[in-house]
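Chains here go by letter, A, B, C, D, E and F, matching the order in which they are written, and residues are numbered from 1 within each.
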Amino acid sequence: MVILGAPMDEMVTHRPGARFGPREIRAATDLGAEGWHMDLGVDPFADLNVVDHGDAAVRPGDARFNHRSIREAVGRVVDSGAVPIVLGGDHSISFPNVAAVAEGVASGSLACIHFDAHTDTATENYEVEWSHGTPFRHLVDEGILAGPRLVQIGLRGWWPNPPEWEWARGAGVRWHRMEKVIEEGIDRVVDSALAEVSDADHLFLSVDIDVLDPAFAPGTGTPEPGGMSTRELLRAVRKIVSRRGLVGMDLVEVSPPYDHSGITSMAAHRTVLEAISALALHRSGREARPENPTG
Amino acid sequence: MVILGAPMDEMVTHRPGARFGPREIRAATDLGAEGWHMDLGVDPFADLNVVDHGDAAVRPGDARFNHRSIREAVGRVVDSGAVPIVLGGDHSISFPNVAAVAEGVASGSLACIHFDAHTDTATENYEVEWSHGTPFRHLVDEGILAGPRLVQIGLRGWWPNPPEWEWARGAGVRWHRMEKVIEEGIDRVVDSALAEVSDADHLFLSVDIDVLDPAFAPGTGTPEPGGMSTRELLRAVRKIVSRRGLVGMDLVEVSPPYDHSGITSMAAHRTVLEAISALALHRSGREARPENPTG
Amino acid sequence: MVILGAPMDEMVTHRPGARFGPREIRAATDLGAEGWHMDLGVDPFADLNVVDHGDAAVRPGDARFNHRSIREAVGRVVDSGAVPIVLGGDHSISFPNVAAVAEGVASGSLACIHFDAHTDTATENYEVEWSHGTPFRHLVDEGILAGPRLVQIGLRGWWPNPPEWEWARGAGVRWHRMEKVIEEGIDRVVDSALAEVSDADHLFLSVDIDVLDPAFAPGTGTPEPGGMSTRELLRAVRKIVSRRGLVGMDLVEVSPPYDHSGITSMAAHRTVLEAISALALHRSGREARPENPTG
Amino acid sequence: MVILGAPMDEMVTHRPGARFGPREIRAATDLGAEGWHMDLGVDPFADLNVVDHGDAAVRPGDARFNHRSIREAVGRVVDSGAVPIVLGGDHSISFPNVAAVAEGVASGSLACIHFDAHTDTATENYEVEWSHGTPFRHLVDEGILAGPRLVQIGLRGWWPNPPEWEWARGAGVRWHRMEKVIEEGIDRVVDSALAEVSDADHLFLSVDIDVLDPAFAPGTGTPEPGGMSTRELLRAVRKIVSRRGLVGMDLVEVSPPYDHSGITSMAAHRTVLEAISALALHRSGREARPENPTG
Amino acid sequence: MVILGAPMDEMVTHRPGARFGPREIRAATDLGAEGWHMDLGVDPFADLNVVDHGDAAVRPGDARFNHRSIREAVGRVVDSGAVPIVLGGDHSISFPNVAAVAEGVASGSLACIHFDAHTDTATENYEVEWSHGTPFRHLVDEGILAGPRLVQIGLRGWWPNPPEWEWARGAGVRWHRMEKVIEEGIDRVVDSALAEVSDADHLFLSVDIDVLDPAFAPGTGTPEPGGMSTRELLRAVRKIVSRRGLVGMDLVEVSPPYDHSGITSMAAHRTVLEAISALALHRSGREARPENPTG
Amino acid sequence: MVILGAPMDEMVTHRPGARFGPREIRAATDLGAEGWHMDLGVDPFADLNVVDHGDAAVRPGDARFNHRSIREAVGRVVDSGAVPIVLGGDHSISFPNVAAVAEGVASGSLACIHFDAHTDTATENYEVEWSHGTPFRHLVDEGILAGPRLVQIGLRGWWPNPPEWEWARGAGVRWHRMEKVIEEGIDRVVDSALAEVSDADHLFLSVDIDVLDPAFAPGTGTPEPGGMSTRELLRAVRKIVSRRGLVGMDLVEVSPPYDHSGITSMAAHRTVLEAISALALHRSGREARPENPTG
């Protein structure tokens, strides 16, 4: 697996700062070079080869260049046979990221499970086409991701507007509003999502940290109260990746200037580490072996 | 509906700062002039005429004047036929606010659902009669609110003392301690509360942001650990107002100097927006139409 | 009961600052000299004699001296017949604290319920034997606490490593990972823990504030996302102490420099107050009398 | 000398929080029970008997009561022959403080040197007569302080208005705007101030921490950019008190919710300690003996 | 005079957030609708007609559009005969701002005094031509501002590189490094600057808040230690505008997410208010009448 | 030159956190791999070979090990012929650092200029011999540094006590209290210091960031109000190193948990960069060539 930073935030519509996300997520740990996941019974660093490739080259103020650079960097990772995990940066990076992964895994169908408070399916935000509110629209509209293979979890609030909802239904996108998570529980929602992507060959995971409630993730650009707890997110990621593996991932919208004591960066760091651990389990082909008193 | 600020905090007993609540609550949004509630299927700004009347005139250090000024300002709103939503300020403003609303809706009976960590039913705090710990005592004792039509949700901690509890039972007040919310779930508690106010003609909603756990609302004056999550509060407000409508509301005790990254102000802002949206649905006479994949 | 501060943090492995925990926990309240617990129906300050003995003498930079000093100070409290409640300070203080309590209650068997994200059962951290990651190992290995009488709740994350887990199983330690709390609910986990310590004569309670999720307790040294909510912790402590009483307690790892608006200190303060209140109930020999509308 | 807290902030016009000033100022030190002033060559705690009498009794929300309580508490200190040093609290406390000191030293004339960004000479603020913007007007108008014996240093900004300036000239008040401090240097301004009060028998010192630039004192209620540095203030206080001694003092307007890392509280703490040290020197009757390499 | 916000920060190279500068600068005051400058003896709001035109329309992520929009908005102000004061936003807005002012005052020559830690004279930053590090290069290179009529004050640190310095000498630009301010004092530096622009008909003032030391202005994007104090800046602005008047101004690079307790916003607010007050004096044609004890 | 981190803070007596100093100082820049010092006319990265060797190996909680490790790491740097610049960490690291440098430059005499609020000349703090308040005592007492070749600048406050002052005079140590800096100006004080070390062959520079006033360096462990401004420190370091070169340096006591917006880390970063730049100039053998308008 390859960790790759995408330190850009030119495409945010509200609070900037996600350009410093990669740096702070990397620092948000007191673990050394090993770690044993007590619920899964794996050491991800022993079982997988995890490499940090640093950041994609970016130019502050030039989103177009940055998107191209990220796409190329992810492409190189995919070409090498590794699984790219991109640390945002704003959510606009999902377009180049998913596009590069889709290209790389051309031999099979790609599905995406997307955790977010927002659908990010506008055609533009404030007339900006490649904004952080649009990547999933363009991915579907450009045929990179089939509508029915996009599943969104955690949606809430007062955005988007009816035209975007109509488009999503028309395109066959599936989603689970936060209200469903509250009513059914995260476990059942994850089961539904897994069923919905069961026919795809490959799974991409996109996590916007604002799927968490602002209490758990204050350090983000467009927080929306009423969201998930960190333990729900970790549990969901664990199950999804344990079951389906992973061909690519991004973790976006961590904005350190709005964080405090690193709690948002830590939640992001652990979400990535959970995915890596679950992938180690998935690849091992065995079941989780939680550490229990009776062995 | 009319938004009215009540920027006073002279009556707090612990951490001040709520005077800046109205300013920060208003700023705690990245929405423009429209917004589509994905769980209800309404655009509150399209369906309702929501106007911001600015702040009631206040004099720092003169609570008596401020209470009079707030009562008059709310009175003018009520007289105009609009529903006042008052942004506190400390909780002492509920006395003038409820009193003015009660006067305005004299033709029918008024009930109040009150979310709070505290009962606010003392006769005085530190010998101050109109403190933020007393409004609901005076509202009942002065006959403005019938005891049995006051329902409190979220109470917890080590206050008040036995005499206040005795008074409340004697007056017929109803309440649901936080322990009940934990044991029964917010949905059942809200159902009980709705049943308890079912015989009243009009509903007033008073939300002290400290009903939330300090993790969700650090920016408040007398936080009490062990409280509700924002999603429970939003869900409760949604159901209550969708069912019963609203003749008045206040959202109090947001103290920006103790907030960080605006998370308390945002929780407050969304609580108000949830009430407005639910009122739009209530007035429409139709059921919620959540945005679902299958239409 | 005697409150005793242990203002040392020399033994932390990551973020320091817990030396200021005692000061901030003491200040994290707006209560005066009385308080009525609405769920239990007790005034802990009326029913128990609670005294604050100040801090144990410490020397910054000399952990060995500090441990000795804490052990002596706790010993004096125990000798006087009082129940010591030690405010940390880093978790290394549990060794001298539990050791002194065990000595004092020599006539009966001692069990410990331990809330934490981490097991703290290493033989050393970075080759430091008396680190905050080791006290429970040494307590069991030195025979102060029988392995089967140590019950840990809330464990999660990527630490410790397999050797520590093997040791724990070998020693008969019992534990409930956070995953269990999520799956079974805190009530059932507490019931299991109570059953596991039912044969012991005395109960010690050790609470590392990092058992809470960083959203609820950002102000700590080694936060681990995905933890308990404050209301789960308060509820657990209430039940445990109401049922079993208490011969000693510590509340550790509150690091004020990483806190904001005192929310971590407040959660710690209320956890201690909850224990004191529950002990008052336990000693009274009667059932909880929650304040309900119908009396 | 007696330290007395005045934890009230009901009379602020802008940012509250000064009620927590006394608590944080007391904590803003790493000194123990001794301390050697290297520029003066005195140990204030050895030479003077410094006692902390705790806080005057206050009721949140009842400024009238608080002023009475502070006046009585200061009166008791003065009657005992001690020098009161009052830690605010908002600046309105200077009225009861100076009034009580003036009563106590009735046998001689009293002068006051007052460091502040603001004159605090309005008749009322927002129609509130005893506001923090009025104490020096009332002290002069009620004849407690003779106009020519009030000397103000550090004034700047856009307040008060011409009527207050006219009044001050009419009353014979003297002042040194911040512009003068910049142009002449603090040493010459202090010399002028000392000359202006040279005919008085007793000296009172009132320091509003907002005389400092917000960089040095962010934690205050009505900060005004362009102010003094801490070293200028410490130097000024040292010289004034060394020369003239002290019969009373207050240090006001420290607002901890707006402070960070305690820098404002520390500046306040050292200003008080500087005054105490300088008083020790003054009483010793000898010159300063700075610690120099050559002895 | 017209206040105009330019809430964009797409062109910053390091820490973003200046998009929220206009909002916070406007809020950074406790003054009402009047104010009397005690050093100048003017009430700027009485003598001048100061109007707030709100913000120029901006699109997050579209700097090109924003620059056009700002230029048009400033152009409209200039056409109306008013003096525009633009609140940034990042420093890239100086290009459209100065360009629009230059167009408006075509009949006379325009000079600019520019306070900044940086020269902002690169041709591009990270290959972005219209970055916040380039406006003064383009203004001179495009002939909008004559090189010799650009005077920079406060420069320090390790940027730009020799080619930019060579260009500046070649273009006849004048500047005063921070070292000069330290060695000669701000008064003499301002006198030199005034002499250097004495032959121009009109004066534009551009203040990058990072000319201040980070202690005085932490809330900015590219802070450079070792800068001016706020009182030096206020004094400089006062003298410059009193002597020469003003045809346009901008105050840029206030980044609220990095500010604390509003100290940077307040320094910015007072700098603008100082300029307005000095302009009022300049237009009155009379000398400053400071408020002194002797009238 | 070699940059070496010393991430330990076991030896602080008050606020910890300096263990994170090296990480944050390294990140406190927006410069890339080049930089042109406009006052000196040098590019330190072009003229010198500056390498970052990472951190010395440390064990949290084991100061003895850490001191040994730092001494060895510095020794290796010195042996290689490079100049070590150690980023603390607490000030106790100056003992191993200076000791290793002294060993390395055995062929000539070593002097040390030491910027600090405190003398750090106690024999022990709280009975801890190798505390951060003792390194310079031990360096002199053990004969590593001759007393007359230690020059301290910026001392202030209420510590140490007379015995330490007596010792210093007896040992021939020289110092310049902050009062002298205020009265004479930093330039003259630096000239005196240079004269006092003029007979030594080699110069070591030790900068405790708390020599700065807390306004400029809030992020430190034992801040002392009334200190230097950053521009005074930068100017002093520039002159000292330009004149005398450097055989070793440390920059200590940056405590990031108490910093905000990185202003303390930035001040520290620039102090180091200033030293490196001045050393580049010193080695070039030419005079400073400041960038001036006239070339």
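Convention: a residue touches a chain if its C-beta (ideal position, glycine included) is under 8 Å from a C-beta of that chain, and two chains touch if they have at least 3 such contacts.
Note that the structure is a prediction, hence the values are computed from the model and not measured.
Shared contact partners of subunit A and subunit F comprise C, E.
The chain pair with more C-beta contacts between its two chains, of A-E and E-F, is E-F.
Farthest chain from subunit B (centres taken as the mean of C-alpha atoms): F.
Ranked by how far their CA centres sit from the centre of subunit E, the chains are topped by C. Between the Cα centres of subunit A and subunit D there is a gap of 56 Å. Averaging C-alpha coordinates per chain places the centre of subunit B 44 Å away from that of subunit E.
If you average the Cα atoms of subunit B and of subunit C, the two centres end up 36 Å apart. The mean-CA centres of subunit C and subunit F are about 42 angstrom from one another, to the nearest whole unit. Touching two or more other chains at once are residues 13-15, 213, 215, 229, 258, 260 of subunit E.
Partner subunit B is touched in their complex by these residues of subunit A: 13-15, 155-162, 165, 168-169, 173-175, 177-179, 182, 213-215, 218-219, 222-227, 229, 258-260.
Here subunit F touches subunit E in the complex through residues 30-31, 34-39, 43, 213, 215-216, 229-231, 234-235, 260-263, 266-267, 270, 273, 277, 290-295, going by the rule given at the top. For subunit B in complex with subunit D, the residues that touch the partner chain are 9-17, 19-20, 59-63, 65, 125-128, 130-131, 257-258.
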